[in-house]
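One chain, chain A, appears in both complexes that follow, with chain B as partner in the first and chain C in the second.
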Partner chain A sequence: MFKAKVRPEVLKEVVDVVSTTVDETKITATKTGISIKAVDPAHVAMIDLTLSKGGFEEYKADDVALGVDMDKIKEVLRLAKPGDMIYMEHDEERNRLVFKVGNITRKMSLVDTTGMSEPKVPNLNLPVKIVVKTDEIRQGIRASESVSDHIALVANPEGFEMISEGDTDSVNLKLGKDLLEELKCKEETRSLFPLDYFSSIFKTISTASVVTMHMGSDYPVKLEFSIANEKGAVVYLLAPRIESE
Partner chain B sequence: MGIDLSDLVEPRPCSLKDFKARAIAIDGYNALYQFLSSIRQADGSPLMDSKGRITSHLTGTFHRTANLLEAGIKPVYVFDGKPNILKAGTLQVRRQRKEKAQEQWEEALKAGDMETARTKAQQTSKLTRDMVKQAKDLLNYMGVPWVDAEEDGEAQASYMAQKGEVYAAASQDYDSLLFGAPLLVRNLTLSGRRKMPRRNVYVDVVPEILKLSEALGALGITREQLVDMGVLMGTDFNPGVKGIGPKKALKLIKEFGSGEAAIKAKELDVPSFHNVRKIFLEPKITDDYTLEWGTMDREKIERFLCDDFEFSGQRLQSAMDKIAEGQKTRAQKSLDSWF
Partner chain C sequence: MAQSNLSELRAKESEFTAISQDIKGGSSAALCSVCKGSRLLCGKDRCPVVTRYHAHLKASTKFSENMAGSSPPSVFVGRAGYPKVYIGPMVPPIMGDTEIMDMPEMWVGKSIDDILGYRMNLVRGMHAVNVHNVENGGRIVDETRELAMGYGTADMEAVFYRRPSGRMTFDDNTQPFGPSAPLKSFDINSLKIDHRIDKAYSDTDLRAAEAVIGLYGNGTMLSRLQRSFSVGAFGIGKNRKFVPTRWSITAIDDILGKNLLQSTRDAPIITDFEVYETESLDNRWAILMMPCTWRYELIEAWYPRSVWNPYGQGIEIISDWEFYKPRKTYARIGGCYYSARLAVNENLTARNRQAGVVIFREAHAGYIMPVGVWNVRENVRDAVKKVPKKFVTLSVALAYIQTKMDIPMTRWIRTSGILKDMLYQRRIEDFLGGRAEPGLEAQDEDHGSEGQHSLQPI
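So, the complex of A and B:
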């Protein structure tokens, strides 16, 4: 069973985050809330999203897996006017998800979830932890985008740097210890990442004012941020590029 | 040729981009034959240099592989080793067909029937040991690995896919599914515009993907049963039973549960049934290979293709630029390295 009432902006946050990685996904609903784990087709990025019951206005569910097409939910979201609520209910008999928004009822056929395997979340030992204002990173991304298609994330005990080097130009965002919310770093680490992935996930962050980054050298970066005013959380893993290759 | 399951399973169209950063094992002989038969001049004769040496296989290997590298794919070519003794019959038939086509090609040319000439010429494609060696040399210069299989290249490619060393096996045949490849990609090395056989029509060919588990699920059978179906229909290793095609084979397997039971119940004559089955279920494979994707050596490619085989330098440069772009993005790691 799955029945919920949710504010459109909350559902939009979920859909925006998931859409960076996959077009279709399996939503696992339990008594306490929903969760989504997904890996992009190139296996470069992974999301692990949870939204607790408290993120919904009303919520009732037994264990159920719903295979949904993100584009279809976006279509429903476009129908919502300010102040509208979105009602969702699983029609088990026909395996559909029935949405109600305003005076519209949209019956959405679900995607078969049997072929969707639950991705394993790698167990990473990342020595560096940084908590930083989302807007600072966004500004750094904006500056980098015209220069190169990749960025280096560098951390040392003094602070954090985001470096983007193109053929002729370069951009450097430097945030000393005092400008970070938190810094845990014993020795310098550095990894290179594809800017398009990094940028698209940051574009989806809407209510979180800070982001936590866990890093190592030539290791994936693990980003953590909240959604739905801290009623939900996203863990985002992004694989590095290897510079020497 | 392999068995034809196109009536029963429907591959899903996809694009090269879906395979970005992924390794794919390509049936080497299958690809080279494709190049040899499809890359031809209007009268059907293959591309040649001024010394009369055929170059179609090199054009294909270079440009098709360049497309894959540009898309950030990591291809590995797997070449057949010594053919299984049971394949001798198939090889004999193919040889005879080629000889016949050769005669018909010459006749058509004399009669001035270019359309027939081209079709017949395509069927004469013969790969020599030298040509395979040249293709392998070229792959070395491009930084693309290749593997010599013990016996069947598709069996080896499927094994590598099962082990997870590559994401999928690529071939036009469906045999890879019988060999247990979890994922089969068709049309990988021939996507783009292609002329339809015997018709003056061009179609856009896109890669197609076929998941073994989905195919088995759709047919409602196990892989062993799929192999049994293949043996009843006929494979490269046995002629099969006359009158049994994909649909009938599926019906028989579902009715009787196994090929053996079907043969017994219907009193079918399937020589070497168990041996052929074994080729698919316990193929001869090798672990003697390393998969490393390097970067191309522009100078060596140029020397080999331009100086030796008289390729046009300009087209070569732009293709090499594409490769360079693709090999750069390949530095992107996948999360799989951390599982």
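So, the complex of A and C:
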């Protein structure tokens, strides 16, 4: 059983985050809320999203897995006018998700979830922790996009740097300790990441918020940020690129 | 006679030094491999690479104002002056079975001289028309469309305003063809219409892409689809228009390739690294299929003095690629990107498999003139029909490809977006257990692209 009422902007946040990684996904609903774990087709990024019952206006569910197509939910979101609520209910008999928004009822067939196994989340021991304003990072990404396809994240006890090096040009965003919300770093770490992944996930994080980054040298970066007014949380893992050239 | 023209052309190579120095002074030789005569990036009024063939390949004088011949069948829709373009039939002054002249599907293994022989006698009749005027454009428009929808040679008579004259036309996308002349009228004496194409033509509610996909599924040849597409025979009634031949070729490749890609992206992943190869017209091809989700790249290396690197001292390498999602911007290497993408997807669809694909192309100095993107499509099709060499790791597969190619693998890798990603980008599952070398090992994956994957340590 799954029945919920949600504000469109909350559902949109979920869809935006998940869409960075997959087109179709399995939503696991339990009594306490929903969760989504997904790996992108190239196996470079992973999301682990949870949204608690409190993120919904109304929520009622027993354990159920719903296979959904993100594009279809986006279609529903486009129907919502300001102030509208979106009602969702699982039609178990016909395996459909029924949406109601305004005077419209949209019955959506679900994707078969039998082939969708739960991705395993790597257990990483990442020595560095940084908490930083999302806006600062977005500014750095914007500056880097015309320069290179990659971005190096560097942390040392003095601060954090984002470096993007092209054939001729380079961009460097330097944030000293005082500009960071929090910095835990004993020795310098550095990893290189594909900029397009990094950029697309940061586009989904609300600008006013902060993001936590866990790092290690040549290890994935683990981003943590909240959604739906702290009622939901996202852990995003991005695998590094080895600097071999 | 194509033979003699060619040797003459080669002998007079030195005469073009003047042009080449002109070019070198003004712009980079690297421009040619990107432009391929289509965009005039060098700033000249006409492409000097293409122009140099014109001077020497003057067609014979046997063409007259009144011509009878058998059209393969063939039509040409120009792009100059769009939306007001020249359309019309192409016909040789020859009676008999000329079908091969406009059927690139049958040209694999032929020499450049053979292909020139097919094409240089095809006279292009030109009739100015607005591209939107497909319905009430008059008799020439109607007959051109009928000819395009036909199959098997069509005997016809054409009357031109003047004697067809001039030169052959070369283009990166389209097959070369002979002289042209403004068309006064033409009469088709015998024509067999492909009834399946005719049915799609009559259906004015059927979208053009759906018509093309449906007909292709029924086994209609690509060159026929392209001809009908170019004369506006498909699509919702009010949207129908003439499509320049050049664009229609790539449109068909793109529509069909994208359609096949939908099933490729859901199919099980291949188990080994596979290498297919072929060689033709002094082009060497290696097609690498990798056991991973769909991604695709075409890398072209142009040797000095090959078509699109006429003035360079060194090898020009350019490439374009896409990952799991099809690219949204037009590939800068041009129509060949889409031709090869269709060819590899035909192979993957036929065996219900998914793979990542990298195509290596070395165009050596003997590849002296542009013949059209069919060269890419048909040779890749031909290569993937063969039995591949199979390898367990990427590094062994690349080492094998190196034995077939002259350019060092390091340079291919440096140019390649996909290979660099395979070699240097780590995967989430690399961090599940111990740290393995990423990318280099065939991953034991049998899941499709449903978006979620079980991750096993490797």
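Definition applied: the second predicted complex is superposed on the first by the 242 of 245 C-alpha atoms of A that agree within 3 Å, B and C clash if a C-alpha of one lies under 4 Å from a C-alpha of the other, contacts with A are read in each partner's own complex, and residues count from 1 in each chain.
The criterion applied here is as follows: contacts are C-beta pairs under 8 Å (C-beta built on N, C-alpha and C of every residue); 3 or more make two chains touch, one makes a residue touch a chain.
Quick caveat: nothing in here was measured; it's all calculated off a predicted structure.
Superimposing the complexes on chain A yields a three-chain arrangement in which chain B and chain C clash. Looking at the shared chain after the overlay, A:24 reaches chain C, while chain B stays out of its contact range. In the superposition on chain A, A:111 makes contact with chain C only, while chain B stays out of contact range.
Within the superposed three-chain model, A:38 lies in touch with chain C and out of touch with chain B [touch as defined at top]. Comparing chain B with chain C, the partner in contact with more residues of chain A is C. Residue contacts after overlaying the shared chain place A:176 against neither chain B nor chain C. Residue contacts after overlaying the shared chain place A:46 against chain B and chain C alike.
Contacts of A:157 after superposition on the shared chain: neither chain B nor chain C is touched.
Chain A uses residues 39, 41-46, 115, 120, 122, 124, 194, 219-220, 237, 239-243, 245 to touch chain B in one structure and chain C in the other.
On the chain C side of its complex with chain A, the touching residues are 265, 292-295, 323-324, 414, 421, 423-432, 438, 447-456. Contacts from chain A toward chain B in the complex involve residues 39, 41-46, 114-115, 120, 122-124, 194, 219-220, 237, 239-243, 245.
Listed in rising order, the residues of chain B touching chain A in the complex are 18, 20-22, 72, 211, 213-214, 217, 330-339. Only residues 21-26, 37-46, 111, 115-120, 122, 124, 194, 218-220, 237, 239-245 of chain A touch chain C when the two sit together in their complex.
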